[in-house]
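To keep things simple, chains are lettered A, B, C and D as they appear, and every chain counts its residues starting from 1.
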Amino acid sequence: MKKLINNPADVVKEELMGVALAHPDLVRVHFDPNYIVRVDAPIQGKVGVISGGGSGHEPMHGGFVGVGMLDAACPGAVFTSPTPDQMYEATKAVNGGAGVLHIVKNYTGDVLNFEMAAEMAMAEGIEVASVVIDDDVAVQDSLYTAGRRGVGTTVLAEKICGAAAEQGRSLQEVADLCRKVNGWGRSMGMALTSCTVPHAGKPTFDLPEDQMEIGIGIHGEPGRTRMPLKTADEITEMLALPIINDLPFKSGDTVIAMVNGMGGTPLIELYIVYRKLAEICKGHGITIARSLVGNYITSLEMAGCSITLLKADDDILKLWDAPVKTAGLRWGL
Amino acid sequence: MITRDDILAWLKCYRQALGENKDYLTRLDSAIGDADHGANMDRGFAAVLEKLPSVAEKDVGTILKTTGMTLVSTVGGAGGPLYGTFFMRAGMALDGKTEFTPQEFLAALEAGLAGVQQRGKATTGEKTMVDALTPGCKAMREALERGKSLAEALDAAAAAAEQGMRDTIPMLATKGRASYLGERSIGHQDPGATSSALMLRCAANTLGRVQDPA
Amino acid sequence: MKKLINNPADVVKEELMGVALAHPDLVRVHFDPNYIVRVDAPIQGKVGVISGGGSGHEPMHGGFVGVGMLDAACPGAVFTSPTPDQMYEATKAVNGGAGVLHIVKNYTGDVLNFEMAAEMAMAEGIEVASVVIDDDVAVQDSLYTAGRRGVGTTVLAEKICGAAAEQGRSLQEVADLCRKVNGWGRSMGMALTSCTVPHAGKPTFDLPEDQMEIGIGIHGEPGRTRMPLKTADEITEMLALPIINDLPFKSGDTVIAMVNGMGGTPLIELYIVYRKLAEICKGHGITIARSLVGNYITSLEMAGCSITLLKADDDILKLWDAPVKTAGLRWGL
Amino acid sequence: MITRDDILAWLKCYRQALGENKDYLTRLDSAIGDADHGANMDRGFAAVLEKLPSVAEKDVGTILKTTGMTLVSTVGGAGGPLYGTFFMRAGMALDGKTEFTPQEFLAALEAGLAGVQQRGKATTGEKTMVDALTPGCKAMREALERGKSLAEALDAAAAAAEQGMRDTIPMLATKGRASYLGERSIGHQDPGATSSALMLRCAANTLGRVQDPA
């Protein structure tokens, strides 16, 4: 295991210390329980928007705390959902009297821990709404299973709902918007290499030099299928077509498109993927109105990428364009 | 009667077993999950052991509820709320007691299992810890009903849980993180079922031994 | 070689097509010769600021083209300095009558090719000033050698000089500022893994699981020394102390600090490094006034990091804070 | 006399040699540089060969200057301006000529080398292409002065360049990218010296053969 760390047990704590030192203008970091909170929280009368999940997906979520996006983020151990007390304390810290939205990625652990936190917060009289993001088309959905994973759409939902909260919309409105974004967003990812969880000390899976995993999540878990390595154009098609067919995205649709790196893939390759994605969208009559190309929701040092398409109406585009000032996403401020 | 000291011994035994099996559990979780179950459980029970002295003089209900709450606030993942709920519910079933019968202990385990199922909405055959806990509780109930000693009953429980754990290998996961793998989850033993089997094996090794009926 | 590419020969071309499609609001891409230019270039009366170098260091330089930073960037083949015609055409494209600054990293190839381009542009009557960045303390300087490499300070110089040009400063002033920034900036880098040049198809060097390279550049070249892997804190010291001692940075100094990822190292680790860097600076009485933590000047998918410290006065800090709107660095706009 | 066709044959031979040695040159550049010298030279001479038909009827000066300019605008890196300058200067020395003597060809090579040294500011012993070109030119001059045939002189030049190339192995690099390695540059053969030796070997194989004095 080759990592710039001191001790696997201290990774998250020391990272959070680094975040606190690097971004004192944006966030405060609370330890025990761990959460990152906007420097000016709570904001009276504003809906608080929080999220959280295992660490190892940086910049998500901690890098998205700031004006116009999240009010707080709760980082768990690497790839491990945070504990309810983190979300409970964060909820209290951001509650400005207008209630708090929990944006939860659909993993059993995240859902259960957020659920417990919401119960605790509501027992104290804080209004909490929870929206579960489940946008991963690589996973077959079913009433009888854990359902689809929450992946790339989470980033877009955090930006858009954060902007809506900043505008002063009500908890009900922000939660409804979040459900709409989730309903209109679809993602799929692939890996060229595994990643190594610091505690585990070795790669989660072995992937031969000529193979790739298609339909991966963001926790270094293997994907749906393993197959021989293909070209960037072929891979982009293998990710984009299931996404387009799933919603389905139709000719005339306007979308926000994200080509996301899993952590170990250089930007130069992500633009090659974006090029093909733009071509595919164009071929389907889909207009990409806004785009993000880079590392936004990662799996440690995994090489690979994911694609997210979000159908966007005027409201969503305006909220997307609204100012945001976080370590990981910033414009207009 | 089972005493508070037996329960403390059980928890210590489980903490040690988790430490010893940390890498094994993580390896199992690498195959069909995210390679953290060993580290998660180990972190959680290390915290439990630190917490125990502060409640060691309290009733067993308090001890087990404290165990559960500590797990909830230190483990995270799916394991944290599920094992946390298990011990909290078991503790509620033994509230105020410092010693109790094997039947009462069984009822506590069954209450814990019911809590896990309520939180996680899994039933048997979905490749989760429920597949170890369910046959474990069932075997213990049958043994006690057939008049077996606590030691024999707990041994039966542990053996059944271990069998249940092995039975998860051919299962297709439909709950938890392994479900995302679809068909590829087949052929791997569930890490949560494994940690649950370890828990019952520790019960057999501690409560079972100490409480041998004279 | 596991990469999201189609064909090694098409990597740069297809990447540039992706950049053009992703950022039509920021840049135009010119092919044959290849350069990325601000969408609103040339700006009459404004000094043009251009840079360039081999590809594979993204977001540098193309990701830094936009308002408040570069007017154009010239990407060569992967790790290969661009050719003079690229810089010549880019110089013409950004010349708004106030002259053009060439920010050149000190590599023989970059220096020679920029030199030829400047000669060509000056022959056409365009005023060109060239500043060579040579901030890498891992390389012993000498009159008789190629001198130090240009690394991390380049990013800071592009931001600061871009802001100065945007303010309407003269070519002479912007060039002097660039020399000042170069004089006040120092960097050093290290690698945990090699990278693979697409053409070469295999890693440039082999690095055993328990070894690291200290004093690397940004072209996948081996470093000054190879040694057993150390902790993040030890590595941070090994990079920071030579930097601090070289200028030297003194107690009471104010700096801009950058912890830069080489491409394959996750953000979580860079913050761990930043934490230690902040501690070391504090111990030396050095105040970090601004910071950057992330991938800014990379070596494809290499794992590792570099540290840059730039002594900053009020002018530099104000220019740093000035609005910038590029794909890779953005604030205030 | 050396003719235009001989020069065209030389350039074609070099283009082919670079194609065949692309991976070898890149491997050498991996050890002490950035793993691109083979790809760079190959790309450059592929472009030169595409360009040649448009100037094949022109004088040798134009052909070589076009070669140099094409290299400058397609190779990049250190190699582009240096080899570009080499061929441009050699072309200037043969301006307007369609055939010329061995001495004139030598003068063109020497002019090319002088251009390389002027641009790159390297002298011998710095582990660069200068370490192949310098002994190559020197050996050719000595051979011609001693009345040897063109074939013999070019063969001496190629052999000396190859020796110069091997002599770069123990050198400490002080110019170019390899200089950043300091002591670690020792023990590796310089890629640019290698491509230069190939160039002179091609001269021997083409100009040398065709121009054998009767």
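Everything below uses one rule, namely that a residue touches a chain if its C-beta (ideal position, glycine included) is under 8 Å from a C-beta of that chain, and two chains touch if they have at least 3 such contacts.
Not measured: the values here are computed from a predicted model.
Asker: Just grab the chain with the largest centre-to-centre distance to chain D, centres being mean Cα coordinates.
Answerer: The chain lying farthest from chain D is B.
Asker: Nearest whole angstrom, what separates the Cα centre of chain A from the Cα centre of chain C?
Answerer: About 29 Å separates the centre of chain A from that of chain C.
Asker: Just curious, how far off is chain D from chain C if you go by their C-alpha centres, in Å?
Answerer: 32
Asker: At what distance in angstrom does the C-alpha mean of chain D lie from that of chain A?
Answerer: 55
Asker: Which integer distance in Å separates the CA centroid of chain B from that of chain D?
Answerer: Measuring from centre to centre gives 75 Å for this pair.
Asker: So which bits of chain A are touching at least two other chains?
Answerer: 78
Asker: Out of chain D, which residues touch more than one other chain, so two or more?
Answerer: none
Asker: Connecting every touching chain pair, does the picture come out as line, ring, star, complete or other?
Answerer: Its topology is that of a line.
Asker: Enumerate the contact residues on chain C facing chain D in the complex.
Answerer: Those in contact with chain D are residues 33, 54, 76-85, 107-109, 112-113, 115-116, 136, 138-140, 142, 144-146, 149, 197, 199-200, 204-205, 217, 219-222, 224-225.
Asker: What residues on chain D touch chain C, complex-wise?
Answerer: Touch residues, chain D against chain C: 26, 30-36, 38-40, 43, 72-82, 119-120, 174-177, 179-182, 184.
Asker: Residue numbers of chain C touching chain A in their complex, please.
Answerer: Interface residues on the chain C side: 2-7, 11-12, 14-19, 21-22, 55-56, 58-59, 63, 78, 192-193, 209, 212, 229, 231-233, 235, 263-275, 278, 288, 291, 293, 295, 298, 300-301, 303-305, 325, 327, 330-333.
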